[in-house]
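Below you'll find the structure I mean.
Chain nomenclature is as follows: A, B and C, assigned in order of appearance, with residue numbering initiated at 1 for each chain independently.
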Amino acid sequence: MDTIKLYLRSMKMLMRCQMEYPRSFLLNTLSQIIMQGGELFAVMLLIDRFQRIGQWQGKHILFFFGMMTITFYLVECFGRGISNFSPVVQSGALDTMLLRPRGILTQVCCYAVDPRRLGCIAIGIAALCTGSRACQIVWTLPKALLLLESIAGGFLLITALFMIEAVTCMHSVKSIEMVNVFTYGGRSTCQYPIDIYPGPLKIMFTVIAPFALTLHVPAAYILDMQILNLPGWAAFVTPLSGLVSFLIMYTVFQRSLKHYRSTGS
Amino acid sequence: MPYIQVTSLQKSFTLRKKRPHSFRRDKETVHALSDVSFSIDKGELVGYIGPNGAGKSTTVKILSGILTPDGGSATVNGRIPWLERKEHVRHIGVVFGQRTQLWWDVAPMDSYKLLRDIYRVPEEQWKKRLGELSEALALEDFIRTPLRQLSLGQRMRAELCGSLLHSPELLFLDEPTIGLDAVSKLKLREFLKEENARNKTTILLTTHDMDDIQELCSRVCVLGHGKLLFDGHLRDLLSRYDTLQFLNIRYASPALLPALPEGCAATHRDGAWQIAYDPQKIQTPTLIQLLQSAGTLSELSAEKQSIDHMIARMYEEMHL
Amino acid sequence: MMNLCIRFLRPLSPHSLLRRLKPYFSVFMMRFRIETQYRGAALGGIITQVFFGLMLIALYTTLYQSAPQTVPLAQTVTYVWLQQSCFRMLLSTDSELMQTVRTGGMAYEMCRPLSPYGFYYTRAMAQKLVGSTLRAVPMLLIAFLLPAPWGISLPAGVWQLGMFLLALFMGLLCTCAMSNIAMAFTIRSLDNSGITSAMNLLLVTFCGNLLPLTLFPDKWQKFIRLTPYAQLLDAPIRIYTGEYTFMQSIETIGIQVFWTCALIALGYFMWHRNQKHMIVQGG
């Protein structure tokens, strides 16, 4: 409870910091909306030309795109400290955090927020709603809860993937661009349903970085479609893979903090 | 048992140097601390000096729980800092002179509120402490101004307040007076003395400003090449090196300098002479008489060696 | 304005021309050396770009299965590889330069006895050239080694290859002119994030990186082909794949020359105005 209070207080303060530069904030939010709008535009042009991808139609793709966009940018917005970890190490903020009687991950989460990403999330919500309406989804309570569970699972998964980069930062200060394959690559790949891809990509994003399990399986259930030959009830279980990924990375993160403390800079 | 007990502390780092035109890297081990032992009692105010790269920050980082040493032991109030981090840091405050722990775009007051929540300081206690500190540090004028608009001196005062809000028993100060003007420096020293006397706060101060040490610290530790070279009173340290004095003279009419006894050195500048000598070997009046024998003096002044010069000589003699 | 034209048209003997170009050459070589130091970063970039290439090809392969297109799949695959490997040519952030602008070090740079426009143009060119060559060569090697549906096809013919390289070089000149215009905006407003990201979006969308221009609605393509964005990579790639006849290629290079000259003139004018503005500011 106490931790949540601290988090909310930090968020309030960081928002106030952002509002110290209102012009820059507005311009940036606008350009973020345009950027994500551009991505949506490209997807729509693709749908316009090809009409369908595998078993999916344009309206389905919009739904998938919306879910991925919302989830990814929720992390980029509220987990900014983790998704952009290398400045935390380089500026020495991590040292300051070690000097305070609180958990490091808590403090990293409290360190930064990027409200400009709210624009991207809005684009995602718009795509999701449009897709949902076009598919004429009948929203029931289980479906609504599943959507929330799926987004929460995806949030944890993406946070875990960003933590890989954070861990490499602590070891060598310079972050490795390669990890982007899982984070940004995962976003670009998995904004389309996983079953349109060949084997290796399928395995990569089902087993190694389970975007398919956290987002696609529940989305297919909500859309009354089938994906990966899984039974219907599985959709309620698979998003938990996000939690599992997070717990694994949480352990690794804590361990590498110990290592950081023994090398420092 | 002393408040801080450090026994044969060791810490080394491996540096990776990139070779030009090659993907291979050379490894090099640097011994930041090779065998350091000392103890500090509660309420002491200790100066910790040494040339750049001597291992001062490493010691501070180990004692504050940021770094884990390779060997040896250290306890602060019976706790091992790097093993009991959360419990330990609750009782310490740290100020890095070149880094800020407050939030850049908001007023110090907002930062203090957040620090209150981070350290879980009860509201009543926080209010009382903030009142004391803001009076002692004269924060009233700028406590509601965004940090980035404050001058360096104001910022340092705000910073100090931030690290003392949770009433730490132990305060680490890393070059707190760097870049401050004379007035700010004096005020800061005054405050530290008072804080030390009133709340029995133990203070470990690292600095390059010898005036800080002279004004504040009864005890000084000198670190060099990862070893403790001196531990004791500043006066004792200086008496070892306070062996040089200077005479500045000018002759009324051009004259040749007489032959000087051994141990004296003369330098000539703009028609004037500066003679460096050891007053224990040759007495000042004797030297003046000798100089007057060569001609009438139009100017005569004596000068003691500055403390910075002495420290520089000390470092030189210790091959630092 | 008159003054500007005179400076442009001042007659030069070959010898003095060489002497006046020498500093720019040094700037180029300096940047060249700095860029080649970031080989480690280049490796990470290559892996990421290859991944994106493979993912896009997988996507298009599936798309083509459900709706065959007039543009053959192999051509789209080639398009993707060339886009991915030359990606660095389009977008390359010069963080050091941004830092100079933000900290006000720019006024100092303006005092050099060189044309600031030329200075930054050369700098951008070296950066883009080295950055993209370091990535493109290994990436294209990988793309050539990949099996049939995944790999890049050879150029349509010998003259196409030659024309492709020429057009690519023109594209480089054009993109450098564009980044100098962005730079002029940045110096003006001192805050780059808003305008640059909007400009980058236009760039990524309309040069065919987000989606090959060949897959845009057919009606739009006639217009997009003429924009400066299409000159950077899209035009050279179309020559490479043999989509254009010889005459069309010549025409394309003509369009490229036009845009390069126009953008350089615009950029030069903007920098010139900035410079005046700054001198006034300095008092």
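The rule we apply is simple: a contact is a pair of C-beta atoms (placed from the backbone, for glycine too) under 8 Å apart; a residue touches a chain by one contact, two chains touch by 3 or more.
The structure displayed is predicted, hence computed values, not measured ones.
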Relative to chain A, chain with the most remote C-alpha centre: B
Most centrally placed chain, judged by C-alpha centres: A
Between chain A and chain B, centroid-to-centroid distance (C-alpha), Å: 47
Distance between chain centroids, defined by C-alpha means - chain A, chain C (Å): 31
Cα-centroid distance, chain B relative to chain C, in whole angstrom: 53
Residues of chain C touching chain A in the complex: 41, 44-45, 47-48, 51-52, 54-55, 58-59, 61-63, 65-67, 69, 191, 193-195, 197-198, 201, 204-205, 210-211, 215-217
Partner chain B, residues of chain A touching it in the complex: 2, 5-6, 9-10, 13, 16-17, 20, 92, 95-96, 98-102, 107, 258, 261-264
Residue ranges of chain B touching chain A (in the complex, touch as defined): 13, 61, 64-68, 70, 82, 85-87, 89-90, 92, 94, 96, 99, 101, 103-106, 110, 113-114, 117-120, 146
Complex contacts: residues of chain A adjacent to chain C: 23-24, 27-28, 30-32, 34-35, 38-39, 41-42, 45-46, 48-54, 176-178, 180-181, 185, 188-189, 192, 196-198, 201
